[in-house]
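I have a structure I would like to understand better, so I am pasting it below and will then ask my questions one at a time.
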């Protein structure tokens, strides 16, 4: 169907895919909150949410509904426009990162190949990097707009933390890039499909990336920006209703996306062992691949939660020291060693 | 080598003098200037026999085609002689005076002498320019440090005027340099340039303004009376007796021969300017009461005549100018010595307060009268022959010009005689009663001057012979 | 898209930047306008790079290299500039350049 | 039709970014609608006490927008510098196989300078948070 | 190339010296040693480029001219360190950092002397500029210094933006960044290239503070700590001129293209001369007078660019040397005085004859009086313009302006020598005096034998 020389099937297909991905990430985020509480309860030997629905499964819906119907409070001292802009940016950013992640290989529907990736751009990693670094604006603007000393301090802390950990993250990715020679996430996955997963070549890089991902998501043990015992709840102290919800959701979506990203870059993405030698229909393999990716992602989400309830929070100076004085040199060393090894093998 | 010595002796003596104290500089000054006079006479003698041996060439800036090229022709010998003699006279006159910081004073004087010698001997345009500036700076410092009350502003004006002029000259020099075949600054290369009339037309002004400011020719003269008045008298002597000759010398050597057609095109304008200057200066001199300013204006008038004669473009007038350059130098220095004596004794410069000095200082009066008459150009004094030649040359060029210039001579007689009348004769007053006659140094200097005046007035042949070589060069050009 | 579009867009951005520098009084806004100018240049540089690459120049990538350097230098300028503005703010509690006329008299 | 599809899905043309634009529109729509919804859905019972800033229950003192510790600015500035240096590694990493050992040595030099700067700021105490 | 590497490395080393050397008076010696090494390293490259330029990746071309100019820049900086090195110690704790910044500026200058690619031009200009913004604001507590720094920074980066736009437009027209291969000298000039060239003229005029882009200069030079003004207004400015000269003489000299910009540039030159000189006349502070005089001198250096011949490059070398030595010297003495007005110099000759003599010689040189280096500097740039043939009006204007410049330079001399007063002068060390004598000797030697420098070209 071509009208005005535009391929309308393509657009419909993409719109559908985007809707699915967005809904999926929202649902995953919602149920991450539930999961988190369950994991916490399990680790701390408690019960966790169990009233709303079986095993408290409806709890996230109840929370969401509650947030919608809460009163919207915008403090008089705050900057109104920025106050609303902050959480919006946070949410926007969270929604955008999923665009370049290959959720699966190509399906063939009615003879037409349909890629399970919203956009396969050749600079996928850079795209994610760029979008994620916008997230800092959401927090910064939110904290500033609140005109609250705690919020401001928290947002400044958050900004410093996020940008500090962006450096080793970028360096870790460079090592990966040397290995793969491409910034396209699809290419990276395809390479892992036929060989070992990248984590085997890049254990240190993976570790650095993981730590940085924790810091980027403001997850424990790096959740200084919302350290409730010193900052009253951090940068979203003044927020209520869905604006608070956005900040919280954005955090969980980010966690989901980071997990998916780690899985994609270091653990083969939708590729799983022997996927090409099972002799199954390509469509089935693709769906299995998607499931594989999803499982890997869930594992990482669980890992995130596990760490949160295991490792105590860093002090701020420790956090910055770790970021600058340990992670950056480590990442640099990783990059150089990777480069040297690859070159040595080449000759 | 003699030529180089002319520059080197005062230069080195000047540098040494900065380190001396007490009467050391004075003695050094006398010795050095005596030596210079001897060398200058030596060059004269050499010039009569082997003129080529006076040339000296050394590499300086080969990339620019500039050399340390000095040499002397008749005019150069004469002016070097004048410079050497003038400095000797000055040093003799001021031997009995005490200046503050004598080391610096004599040092600067001697450096100025070195600069002047350089200007008169340089045969390389760049070298000429450098000496031209070098002569200026010590004089500037001398005026500003030892001058009168308003010295700073006045000498500043003088400096900026002359500096501007010389920069314009530099533009001209650089332009000519690029016209030469082998990119050379030598005088020979410059003077053999085939320049079209169009170029000469404006090149003339670049050079002429520089020289006109130095001489000074109307309307570039405004710095001069103030500067003469404010400067210490020895410096005034240098300015009026020698530095003025730099302008005339430059005009002859570096303008007339390089851009003859330009000179021809503008000679009427230049002569008119000169004549305006003559009349104007004479008129002011007539109503002047300040004796220093009177002599300053009279100098403008005389220089105006010389300048006009240069532009008259014929051998006679040129010969007159050359002779008159020497004579005017001697005469004007004599006049300044007298004025200095009066000022030293009485502390006034206003002629109304003077009078009847002949009675108290008869020797001075005699010298004053003789020198003044020479300045007017009375026959049998040295001024006569030069002025006669110049006027007849001008007459040959244009009758009317000669008439107006002659008017200047008459006016000069009027104010000079008036000056003698007011200063020497007439009733003496309380102030002039206190005066004393000449001291030995002053008397020696003045008698040397008077001897020269009379000798050259009666027997000018040696001088005419000396300058004939220069005038011959011009015969070839025109 | 034809390169003209990019040229017009970049020039427009650049002019906005220049206008901002000339008309605004807040040091930080001026600074931002300067950054806008630099980014307009970057955009134009990259589009010219594409243009010459399409025209068959093999070394057209050097323009993109140039952009990298512009970004680096801009970053260095940001570092220095922010430090200066912070310093001025600490001393005067203002970043309005109008109060900075002590040197005029 | 085939050419159009290829055109739209090729990774090197600007049109491969088209789905991202779509996603941006979708995200914008979602955020906007939710914001509006929560605005209209929630109750509005504003009191002046409710609208002042919360500072642990005590009365607010002064404006919150005061200069914060210079350390944070410093971190930001250092980030800008080092991040840009990191950017330089990207083009290298893409091409480093072609550049071989020669390029590697050059990058080692670059890393050397990077480390010089790094050690310098460390020694200067720019990263010292424990006062 | 050697100069570039050695200065850049020295900068890094100096940074670390500051971390490890406790006594800040010792840092100066490291800096002096480093600059001597850089000087020697630079000269060591001379034999290899004597016959032809040494090209590196199409980015840098080291030529005789570049090496010689680097030698001048490094030499004058050495002199500057010798004369004013101890003033750094009064600027606070970060002495080594200031030295390091100076070395980075020098790296920029040496790049400016030998770039062969527009990218390197841009980098050179920036490496020269950015440390200056910091140096201008080195006196953190002084509001004047703050203001100078901010103003310089804003104006400097603004002009950088304009420069970049120029470069981009030229690239759009020519498709190359190599200055030798731009090939714009054809019969018709691409409109993009024309705009680009004009923008570049403006931006570079900005960097070298030519009228009408000079307005930042007096304020910045006045507000900056004097010790850094001395450097910024001399060596760095000369570096800007070299970049200017190299760019325009290599790329935009040929064919019809030069007609387009020489007219603009000659107007700029005329404006710079006139405005710089006339403004300098009315200043009361010597420091500010020197700031305006640096604008005026920039006018003379612009001659070298606008006249488009080899005399110009000789002139710029000599002018850089003469102007830098003299100005650095005057500033060095100025810093020893308490009072920066003309009256502050009253009677200096009586109290400190050496200082006064030195200042007098330096001012003579700045005014272009013979036997000082400044004379030949002016001589060469004027020659370049006269050789060009079409710029005689500019030459005459320049001569008039030079006469005006005597006025304000001599005001200092008059104050020192002809007026009485009790100037407050700091005690000067023997080393300072020796350096001053060295500077005087350099000025005079170059004034007598300019070919000692130019024979290398």
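We just call them A, B, C, D and E in the order they show up, numbering each chain from 1.
In this text, a residue touches a chain if its C-beta (ideal position, glycine included) is under 8 Å from a C-beta of that chain, and two chains touch if they have at least 3 such contacts.
Listed by chain with UniProt protein names: A = NADH-quinone oxidoreductase subunit H; B = NADH-quinone oxidoreductase subunit M; C = NADH-quinone oxidoreductase subunit K; D = NADH-quinone oxidoreductase subunit A; E = NADH-quinone oxidoreductase subunit N.
The shown structure was predicted, so the numbers you read here are calculated from the model rather than taken from an experiment.
Colleague: What clusters of chains are still held together by touching when chain D is ignored?
Modeller: Take away chain D: A | B, C, E.
Colleague: Count the smallest number of chain-to-chain hops linking chain B with chain D, moving only between touching chains.
Modeller: Counted as steps through touching chains, the separation is 2.
Colleague: Counting only C-alpha atoms to place each centre, which chain is farthest from chain B?
Modeller: The chain lying farthest from chain B is A.
Colleague: Which chain's mean C-alpha position is the greatest distance from chain E's?
Modeller: Farthest chain from chain E, going by C-alpha centroids: A.
Colleague: Skim through the chains and flag the pair connected by the most C-beta pairs in contact.
Modeller: Answer by contact count: the chains A-D.
Colleague: Specify the chain with the shortest distance from its C-alpha centroid to the centroid of every protein C-alpha atom present.
Modeller: E
Colleague: Rounded to a whole Å, what is the gap between the Cα centroids of chain B and chain E?
Modeller: 42
Colleague: So the centre of each chain is just the mean of its C-alpha atoms; given that, what is the distance between chain A and chain C in Å?
Modeller: For chain A versus chain C, the centre distance works out to 32 Å.
Colleague: Determine the centre-to-centre distance between chain C and chain D, using the mean Cα coordinates as centres, and give it in whole Å.
Modeller: Centre separation, chain C to chain D: 20 Å.
Colleague: Between chain A and chain E, what is the gap in Å from one C-alpha centre to the other?
Modeller: Distance between chain centres: 53 Å.
Colleague: Can you tell me which residues of chain D touch two or more of the remaining chains?
Modeller: 76, 83, 87
Colleague: Residues of chain C touching 2+ other chains?
Modeller: 65, 76, 83
Colleague: Once the touch criterion is applied, which pairs of chains come out as touching?
Modeller: A-D, B-E, C-D, C-E, D-E
Colleague: Using the touch definition from the top, list the residues of chain A that touch chain D in their complex.
Modeller: Chain A reaches chain D through residues 2, 5-7, 10-11, 14-15, 17-19, 22, 67-78, 84, 88, 91-92, 95-96, 98-100, 115, 118-122, 126-127, 144, 146-153, 156-157, 159-160, 163-164, 166-167, 170-171, 174-175, 177-178, 181-184, 232, 237-238, 241-243, 245-246, 316-317, 320-321, 324-325, 328-329, 332, 335-336, 339-340, 342-343, 346.
Colleague: Flag every residue of chain C that touches chain E in the complex, lowest number first.
Modeller: On the chain C side, the touching residues are 7, 14, 17-18, 21, 27, 30-31, 34, 37-38, 40-41, 44-45, 48, 51-52, 55, 57, 59-60, 62-63, 65-66, 69-70, 73, 76-77, 80-81, 83-85, 87-88, 91-92, 97, 100, 102-104.
Colleague: Please give the residue numbers of chain D that touch chain A in the complex, ascending.
Modeller: 1, 4-5, 8-9, 11-12, 16-20, 22-24, 26-28, 30-32, 34-35, 37-39, 41-46, 48, 50-56, 60, 63-65, 68, 71-72, 75-76, 79, 82-83, 86-87, 89-90, 93-94, 96-97, 100-101, 104, 107-108, 111, 114-115, 118, 122, 127, 129-130
Colleague: Taking the complex as given, what residues does chain E use to touch chain D?
Modeller: Touch list, chain E to chain D: 12, 15-16, 19.
Colleague: Touching chain C in the complex: which residues of chain D?
Modeller: That would be residues 14, 67, 70, 73, 76-78, 80-81, 83-85, 87-88, 91 of chain D.
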